[in-house]
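Paired with chain B in one complex and with chain C in the other, chain A is shared by the two complexes that follow.
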Partner chain A sequence: MTELKHYFAPTSLDQAVECLKDGDVTILAGGTDLTPQSQAGRVKIKHTLMNVRHIPQLSGITLEGREIRIGALATITEIMEHPLVKEHLPVLVEACDHFASDQIRNAGTIGGNICNASPAGDTLIPLLVLNASVELASMPEAKLYRHSMPLSTFFVGPGKTRKSLCELVTCVRIPVPAENHVARFYKHGTRPALDISTISIGVAGTLKDGVMSNVRVAFGAVAPTPVRASQTEQALEGQRLDAATIDKVAAVARDEVKPIDDVRATAWYRKEMIHNITKRILSHVAQA
Partner chain B sequence: MSLKHDIEFTLNGVKRRVAVDVTMNTLAMLRDVIGLTGTKYGCGEGECGACTIQVDGASLNSCLMFAVDCDGRNVTTIEGLANDGRADALLDAFVEHGAVQCGFCTPGMVMQADHVLHKHPRPDEACVKRGIEGNLCRCTGYKKIVDAIVAADGA
Partner chain C sequence: MNVAEKKPRIIQPDSLIGKRIQKMDAPEKASGRTRYIHDINLSGQLHGKILRSGRIHALIKSIDTSAAKALPGVHVVITAADIPDQRPIGVAKDHFPLKVGRVRSERDEIAAVAAESEEIAEAALKLIKVEYEDLPVIGNPEDAIKPGAPLIHPEPHGADGTHLHLKQGTSIAHKGKPDNIAMRFDYAHGDVVQGEAASDVVVEDTFKLHYVTHCCMGVSGMIAEFDASGNVLMYSNTQVPFLHKREFAEYLNIDPARIRIIQPPIGGGFGSKLDIYPFEVICLYLARAARRPVKMLFTREEEFLASPTRQPVLLTLRSGCKKDGTLTFRQVHTLHDNGAYTSWGATTPFVMMQTFSSLYRVPHCDYHTAAVYTNNPYAGSFRGYGNLQATFAIEQHMDMLAEKIGMDPLEFRIKNAQDAGEVTGQGMSFKSCGFKDCITTAATRSDFSRKFKENAANRNKPGNIRRGIGMASMLHVGGGAKIYPSDGCGTILKMDDFANVTLITGASEIGQGSETVLSQLVCEELGLPISAVTVVNNDTAITPWDVGVHASRTTFIAGNSAIGAAKKAKAKILAVAAKKYEAAESDLDLRGGFVIQAATGEAIVELSKLLRNLHFQDKAELVMTTFYYEPPSVHQDKGFKGDVSAAYAWGTQVVEVEVDTDTGFVKLVKVTGAHDVGRVLNRLGIEGQIEGGVVMGQGYAFTEDLMIENGVMKNPNFRDYKLVTAPEIPEMDIAFIESMDGEGPQGAKGVGEAPAICMAAAAANAIANATGTRMFELPFTPEKVYRALHGQTPKLYWKPWKAE
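Right, the complex of A and B next:
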């Protein structure tokens, strides 16, 4: 791999994707992951370090049709304080509120949290259950090209995504939840601040007359990527949220996840936590 | 040979031009290039908050920020806060409440406290505790620090 030879701070999206064409570029946004990763030698900065801060097309939080568009450069603080997010996506606000510390929330961006692709990334679980998609920009020929991908297919491993080296994440789009939408997020760690999740859980769906439908369940820190839990979703879909259903769904969740032992917890503990917290979240939803 | 880049930014109200290594973090620039040592190096990975500064009005960890990213921005360090009079009540409150033990966490604690008070005028104890959860005090003198920040706003 070549050494760092060039620093570039583009002021337009076109300049940025043009620079990405040769693929030998490290992208800098908030820097809260890249700084420690590069200084510890876990990530080597490539030929060009590109700072995307000054690209206006990556900023802002707006309502576009029935979708909320969150620019890749939106910081965690901006997201949790934005009126549109507070009104329509309280589950995302809750996850942001549990994110690291104030200092890191003020610097870290949603685009960075997504591209860092940690199995325990705090915003990723609510984004998955809110059915978010990621917009990617590139310049395969001489023209800017954009396409979208569901977030649920974006992650392939720890720190690895389906974004090619020539692509830049420009924003995430989240459908505005319909009526009777419920969503919950729970992050388990040893202290509220600055903790990497032992497990995290997101549950969302439509709750009408005590019955859950359009169910989405996602788990963090139990697999190489944040994951949707299809068996758990199927067990819950169309069911009345009574005690028997909740018990059954929690058991399915425990059996579905395949976590590992690591410094934060054992696999056994993670499975137990998935069971217990799934049960707790669903009981809260049922009582609400 | 490491790659250098010229940046220009406002530091504590004064325009500065500095040539920095592209991979250097802002903390190293402040301490080793510019010579402002009020901002402390604690953990170097965003866990302890000793290196907290304010950039464009928001507090952040200078160890987690590339120095080149200061270009065009407005940076305030503890030296700036100590000199401009804005934080006098806060600094006095730290002294009055005995909120300084060894003092190593104090610059970062004060920078973050100033940000908390700016965002949440008249904060209660819980709000202050949430606000400084990214700042560690190894002397564990949190009670006095929290008392000082709560009292500073009423001063």
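Right, the complex of A and C next:
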């Protein structure tokens, strides 16, 4: 059982970052990671438990210029059902559609998924191939300070990110994909719902006249963090999507990843799945 | 008097049998009103918690509870040292509730706390200091039988190596065991050497069955209270209240008459509540020491860690047949992982040998089992009781033998299937037997033969999806099982002045729908609507004796008992009516709440009115009857032979799958079942029972896997222990074969365990049909199947071994 010393539910971003200043704070959003982790003793709740759910600046999904801004508090369900996301980012909808169960999707947030930094986090793979950036807020002096970084540099290890103890994630920003954009996500587990990915794969790029460019490939659950796969990307960049290319790219992908054995699968099987499913995704893209 | 009343009222014949009748407890459960043990709180109650070892195999060097005792809000802290009269518990009396000197598995109970709140109790556990000295771990049964293997139950010695001089006793807990063999079974009929000599083909394979656990939605719990006179009241979810009453009395060293067990509605049983576990005895110790009621509830993690499991089995099967398809012999050796202590799991060979000896006609059969001690979780009883494991091996060999002799697997099975009237080598006598009907019905409804051939022909076509179809059949006791001195059940039936019935039965309701079926059977005799019945079935101070809910026996045994009591009530009522209305008893009947003329259906008198007359005017008498039903089965002899059940249930399931060869993912598409249930009593209930059983079998076959590595449980949570979820449940087509058993209540036989038994075997056969690859090890997770498909699974072989 978790013992709480101090609970705080700010109603503005300023209050929140002010509270974060001393660093001895645990942030609570949907609680779908935090609750089981603290119950199991893997995470200790710090001096203050800060519930960020009442901060309006953290919510909403909007189009800002050529970027879609998804507030940190957007739940998986909200994202899945939002017209902007459906229109421009179907690959993110696809990932949400394989995320947990209805109950968890109604509570779990994208900010939580990002900050939990699980190598198997399901929104992270599409966000990586969509070239998302993450916005952080803090109060180094007496003033609110925001800055952004590419999501691809945000993750450091399982549960570890570049976010400092005094920072809060406010939103992610995703460039609206250009013409001829294609993107695919595939989650492989043992069942259709309520499953942690054994591996997951995201592929995105521009497909014109059968040739892939601006390629981004990301893999989940094969490394300490969700990863971009630069060798695989290179192998695919500028290539025509024919059978030989697809075979070659799939082989590069298999060799590039360095997964581990755990209760869900062995490293060998994960590498096999990276190969087979990369191949399957690319074949689908080629045929579409 | 108006005109309408003069016209004779005719009551049309009606029957409840075979109808779809809503379970009596459904409205309460569906609306969340049911009060489970979790919802019950007694005033003055304390909360109990157990400290578990966390070590796998170790000597206990010291335990210091002083800081825990000093924590405000803590009432009692106990260890084995505080309970000098501890008696060993379990099927083999091989462990103490609170461990003495040594821990043998991760879940072992070291100390317990009763405190004002769960939080305080938990905080107190953290203050208990235990020093251990680790011992070598036996993580699998093959290591346990190696010469010189460390002993799990050596003569008990204390931390300093001196003999513990426990109170004299003959149990294993007191005197230890010179080897790691917990239990052994040896069975034979015929002569397998002769059988093998007569065979044209012989196959031998090793099969490996894994750990799974019940995953009851309601976690285990109990409340214990001693009254001022020292009488014990327990709220318990046991499936066997009367046996446990006796056993608890023994552990507390008191007269069984002083123990009363009340069973609140249960959140799932499936065999898990058939034994007494340490937590129950510890809860009693705490209540005794605290002189307050103590409630103990498991957390979900604890439920995984400290609940019994299905027994893992390593099994080598050798089978033969002639070219014409006649089975010649079967030889079986199995090694069961007993875990650190012995519960009912060790006795599953009773059921396994029935399948080996008698599912098909086999002239020669030889069977050997050893259940051996390891430092793993200990195995209990679980729906199907060994039969899932036995059927997994047998039914794969049926396909493999058929393939070897080039015979259609369906034809091969029918050729060897049992018929009504046969007495098997094990002495089981099949009075009703719809086995062949089950096979042909399931095969026809699923179009088995055509699909089987087509799938095999399509194996090498392009694409990554392979379709497969497979079948398996089962035999299980369906009329009780005579294991204890009595396999009976008592009923008290009471009718009130309004012709309502109170049915007081020894049979426990554990969600299987027994209340509803028993009420139906009573109403059928007394011509009453189901709403006229109230069932009382959960208090040993009120209900008559019953051996317990196991062996798919309740409908059969308690049903016959209820019918017996209802028949006696009916006879009394008709005798009274005959006298009063000057008719012959045989010309009267009960129907629609009236006494009627049997021939015409004409109503003579309202039953309630007749009962009031009897009570208040004529004779000052009530209608209250009792009945005890004992089935005409017999105990097995020393060689395990005898007609142990009054009836036997049969079933065939056909499973259709799609295998993705790129990922190893197997999609369960459809299950077609045909079950010989004797007769359908409650159609809605039996459909639910079969569907639930199929899903449980599906979990065993495909997704559930309690991973134990060197005694450590890797996945005590629902994230990584994968129960089947709703979208995975396949289409089902279930047919019922009504063989009308002569001894069964209205012709019915037991069906509780049957539907879970065939799934894994049929799924293995379907995967083989789809891919040409045989799966010898459960569960069929994507990775296991993928490995097998890609030649990455070394052939399993366990050399047959039997205990000296």
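Convention: the second predicted complex is superposed on the first by the 284 of 288 C-alpha atoms of A that agree within 3 Å, B and C clash if a C-alpha of one lies under 4 Å from a C-alpha of the other, contacts with A are read in each partner's own complex, and residues count from 1 in each chain.
In this text, a contact is a pair of C-beta atoms (placed from the backbone, for glycine too) under 8 Å apart; a residue touches a chain by one contact, two chains touch by 3 or more.
As the structure is a prediction and not an experimental result, all values here were calculated from the model.
Contacts of A:181 after superposition on the shared chain: neither chain B nor chain C is touched.
Once chain A of one complex is fitted onto chain A of the other, the partner contacts of A:146 are absent, as it touches neither chain B nor chain C. When the two complexes are overlaid on their common chain A, residue A:4 makes contact with chain B while staying clear of chain C. In the superposition on chain A, A:32 makes contact with chain B only, while chain C stays out of contact range.
Counting the residues of chain A that each partner touches, chain B and chain C differ, and the larger count belongs to B.
In the superposed model, A:173 lies in contact with neither chain B nor chain C.
In the superposition on chain A, A:45 makes contact with chain B only, not with chain C. Of the two partner chains, chain B and chain C are each touched by A:193.
Contacts of A:102 after superposition: chain B is touched, whereas chain C is not reached. Annotation: chain A residues 192-194 touch chain B in one complex and chain C in the other. Residues 118-119, 122, 301, 662-663, 665, 703, 707, 714-715, 719-720, 722, 724-728, 781-783, 786-787, 790, 792 of chain C are the ones touching chain A in the complex. By the touch criterion given at the top, residues 4-7, 9, 28, 30-32, 34-36, 38-39, 45, 49, 51, 53-54, 75, 77, 100-104, 106-107, 192-194 of chain A touch chain B in their complex. If you check the complex, the residues on chain A that touch chain C are 1, 40, 188, 190-196, 198, 263-266, 268-269, 272-273, 276-277, 280.
Within the complex, the chain B residues that touch chain A are 2-3, 5, 22-23, 25, 44-47, 49, 52, 58-61, 63-66, 68-69, 71-72, 112, 115-116, 130-131, 133-135.
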